[in-house]
Every structure is written in C-alpha cells, then in structure tokens.
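Lettered A, B and C in written order, each chain numbered from 1.
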Amino acid sequence: MLQQLFSPSVQHTVDMVGIFVFAISGALLAVRKNFDVFGIAVLAEVTALGGGLFRDIVIGAVPPAAFTDLGYFLTPLLATVVVFFLHPHVERIQRAVYVFDAAGLGLFCVSGTTKAYDYGLGLTSSATLGLATAVGGGVLRDVLANEVPSLLRWDRDLYAVPAIVGSTMVVLCIHYDALTPLTTALAAVSAFALRLLAMKYHWRAPRAWNRRSTVREE
Amino acid sequence: MLQQLFSPSVQHTVDMVGIFVFAISGALLAVRKNFDVFGIAVLAEVTALGGGLFRDIVIGAVPPAAFTDLGYFLTPLLATVVVFFLHPHVERIQRAVYVFDAAGLGLFCVSGTTKAYDYGLGLTSSATLGLATAVGGGVLRDVLANEVPSLLRWDRDLYAVPAIVGSTMVVLCIHYDALTPLTTALAAVSAFALRLLAMKYHWRAPRAWNRRSTVREE
Amino acid sequence: MLQQLFSPSVQHTVDMVGIFVFAISGALLAVRKNFDVFGIAVLAEVTALGGGLFRDIVIGAVPPAAFTDLGYFLTPLLATVVVFFLHPHVERIQRAVYVFDAAGLGLFCVSGTTKAYDYGLGLTSSATLGLATAVGGGVLRDVLANEVPSLLRWDRDLYAVPAIVGSTMVVLCIHYDALTPLTTALAAVSAFALRLLAMKYHWRAPRAWNRRSTVREE
C-alpha cells in the first residue's frame, strides 16, 4: 500500500478541486454546443468522472469511486449550476479555467498512477492508467460532443506529455522507493507547470514525417 | 434484497419488451444512416443492451446479463429482421415506436435503479445508474452513428427528466420502505406518462442563460 | 479449461502479430486524420487493444491482459514508430497491411471466443464476444477519429461476416468436442480467407429492403 501519503481529507479536497475544474470544462463545451441543461450536466459529469471511472473498471475497483462517494457526483452538478447561470463570466475567465484544468491534469495523473499501482498493476501499466485517468474524461467529453478529441489533434498545445511526465515521475519514485508527500507533490506540480508552459509557448507535438499532399487534411 | 417484487417470468417478459422497442429504435436509425444488415444488427444490439451492460460493469455484475441470457441477445436480432424487411411500415407507425420507446424508458429506469441498489450502491448512485440504464443505449447508438446524442440536444423533447423522475420515485420508496409491486409499477408508469406528455406538448429543457451571439450554433 | 491448445509461446507470438497489424491500421488512420505523434500512439493502442479490453472487462478478467502484459502495451508503440517514420512506405504496401489486418481478424475472433468460453460464458455469448474482440478495436478507432465505424457502412467489403464464421466454427467445435489445434487453426484460416475473398471480389452485405427516397443519404 502506497496510499495515505496525505491525510484522507487533504486527498479528498484535492480530488474535489480536480473534479470541479474538469466539470467546468465539460459544461462550457456543452454550452458552446448548444446543449440543454441536462446535456450540460451529463457532459460535466462525464468529463469530471470519466477518466477515474475507466481506471476503476480496468483495475476491478467496482463499484467505482464515482458511484460510492456522493461528493464525486454532486461536484459536477455544482459546476453545472455555475456555468448555467454564469457562463459568460466563466468564459471571460477562460484563462483561469485553463489554469485550473492544468491543475486537474497534474493531480489526476498522480492519483491515478498511485491507485493503479495499489491495485497490483506493474509500473508501466500504472503510469499508462494514470495518463488515462487524467485525459480520459476529456476524450469522452469530445466523443459525446461529436468532435475529434482535442487530445489527438496536432493543432492543440501539448496535453498528454505533461501527464506522461507526471505519471512517469511517480513510477520512478516508486521504483526507487522514493515516493513521499514531497516527491508526489513535485510530480503533480511538474505536470501542472509543463502544461502551463506548453500553453504559454504553444508547444506542439510533431506530426508524421514526410506528410505528402495526398494525405487528406481534415 | 429488493428483488422478486414480481415473479421472475413477469420481470423477464417486461425486460424483453423494453429490449425489443429499444432495438427497433436503433435499427431504424441504422436504416436511416444507410448501414448494411450487420450495421443494423449492431446498432439494434447496442441500443437495447448498452445501458444495462454499462450498469452491470459498474456494479460488478459480470458477466453482464446481456451475455448470460440468450433472450437478451436474440431479441435485438428479431428487431433487426423486422426492420430489415418491414422498415417502411415500421416508420409509418413511428408514433407507435415512440410510445414503445417511452415504455422501455419507464421500465429500464426502474429496473436499473433496483438492480443497482441490490448490488449495494447508495440511493443517489442507484438513481443515477437507473437513469444511465435507461438512456445509455440511446447515447451509444448515437455515438456509433456519429451523431450528437439526442439526449444532449436542446431541440429534443424531454427524455432524461422522465427517467430521473422514475428513478427518484424508486429510491424514495426504498428510503421510506414503501417499495411494493404497486409503487414500482407507479414509478414506471409515471416516467412513461411524463415522456408521452413531453412528446405531445414538446416540453424542452432550458439552455444556459445569457447565451450570447458569440456562441457558435451547431 | 480449453486453453493450452498451443504452447504459451506460440499463442503469445500469434497475439503479438495480431496486435501489431491492428495497431498499424490505427496509426495509419491517425496520420490520415492529421493527428500528432501522441494521437497516432493513442489510436494505435486503442485499435490493437480495444477489442480485447472490452472482452476482458465483460468476462471479469481484470486487470485486463492489455495492462498486465508489457508486450501488449509496447507492440502498438512499435507500430507507431514504424508508421511515424515510414508511413508513405506503409501506405504503399497498403495491400499487405490489409492482408495482415485480415490475419488479425482471424486470430482475434478465435482467441476471443475461446477465452470467453473459458470464463464460463455460453456458446452464443462466447461467439459474440469473439466477434467483439475482433472488431471492437476498429470500432473504437473510428469513434475516436470521429468517423462512422467502417464496420457499419454498407459500402465496405464484408468484415463482420468472416469473424462471425470463425467464431461460430470455434463454438461448433466446442459443442461437438472437436476443438483441437487443427480445428482452431482451421477456424482462424477460414475467417482470414473469407475476408481476403470479400476484399478481392468486393462482397458486400445488403441494406434494408424497400429503401425509399425519403431516407436521407448520409
């Protein structure tokens, strides 16, 4: 058991913050897609809880935390209410939303990795599931909104890489028996900072080499 | 254990009817999307069984009922055959199909809620899974057909609300120890009737307040 | 227990080949959709492992093989590297890729069916899960790429039918107690050959009868 690096209440507060900011991003996309209030709530829930739900089903932690902790379910509804009434204001502070989303990314890649390792997965698999926890909700959000997942698009700033860095730092710490509250926080902060830098400087990942004109642009 | 409010054969017949009408709606969309006969069968199966499959995976009831009861698998194939040969006639009775779909919605939100509660979930989570059981198949149907889920669109008559009402009535009955065959049937009939009224009077849910012109219409 | 028809190393090599060729098909679609290198990797992983992941979650084999065997995870990354640097060459040998994909289809429908039966599912359910194992990755690939799954489209050569034939041959062999390495290989080869013939002669499945002009073409 790795857990209990932090007190449960600290861990829970951190989870709630991550869930709230992810839910905001889902709700805002729903408003942009012109969905009604139930569509906004569904997209908020899916974005906030989808990644952790996938992780829990894969590692066999059923029923998943999303269905056993009432706070996990109610927090996205709170985000729905906020966006429903205040969305022009929320959009105006879009920059702040992105910063919070980056914080959610850092928190979820770390907590997803440690939970997967706790359930007996290997180091590589744990890091992969940490990545899936962090980005899975956003992918489901885009699929439900019938858009190409922004995770996959080349014209978006780096999103997977910061999460991969955070997950990898955690499994390296586990491997070298150096996982402490300090190193865990460091991994989350590294992912967070890397995502902020990627947004500021528009870092992007390369596309395949030798792209020819016969490749359709879409 | 809540179950066995009804005799197993009554419960099973009710399930089969719900599965059949949901399968018809999936098969009709497949015809409209110009899919071949296998595409029709896949969409019929997914629409009919997707919601229950999701519920069973989440609560840890594996293998899910969809894969242990042959009738669950064969009923959508029967719907496929009906639509394949008779789809102009089925479309002509589209109104009847909608009525049956509303019946399926009522039945599934109730049976999904009670099954989730039986597997140890809390009241709120059980109601949520009841809702997911009722609407999940339709969402998967639309995702596979590469359309925005009609559940999320503001220009569709209320669909989630009747299921939410049905699920909530069930958990309230559980909470007040009043779940009987009568109250269970009442919850299903309420969801059914509410959906019919929503279709008749085109009740719709509100979109976000203060929608500005900068929001893209899609 | 049916397994161990083949030595574990033979089985594992066969799995790796199937995973590699499916990953190539996912990576090529990602290049065509103009995804960046991480999008290519995600689509390669999802295409190669999605079908087996779905099967393992349904039968309760968690954590799924995709997360316990490092080779399963690394093979799609190898395919990503190959496509990233050599994709014009890979496209030039598209015909070879299709042949390998057909081989993957044959291998996966057989191995998926036997694994599902081993976990206690009935014959029909096992065959259905074998089909889902073989085609599930491709469906997820198309959903993530925001395209109508090619499995469902009438203007594609038969893809489900060969897998259905292979899965059905396996369950018939199980039923008649005739499952040997020879008959297993025969089922895989039959699915493989049928898919090659379908591509060569452009066999297609029928669409619904009496399609009227009022049906929207999409």
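Before moving on, here are some points about what is shown:
Assume contacts are C-beta pairs under 8 Å (C-beta built on N, C-alpha and C of every residue); 3 or more make two chains touch, one makes a residue touch a chain.
Since we're looking at a predicted model, the values are computed, not measured.
If the chains shown are joined wherever they touch, the resulting network links each chain directly to all the rest. Of all residue numbers seen at the chain A-chain C contact, under half occur in both copies; the interface is built from largely non-matching residues. Rounded to whole angstrom units, the spacing between the C-alpha centres of chain A and chain C is 29.
With touch defined as above, residues shared between interfaces to two or more other chains in chain B number as follows: 57, 143, 146. Chain B contributes residues 30-40, 42-43, 53, 57, 62-64, 67-68, 70, 73, 83-85, 87-88, 143-146 to its touches with chain C in the complex. For chain A in complex with chain C, the touching residues are 57-60, 119-122, 124-125, 128-129, 139, 143, 146-149, 151-154, 160-161, 204-212, 215-218.
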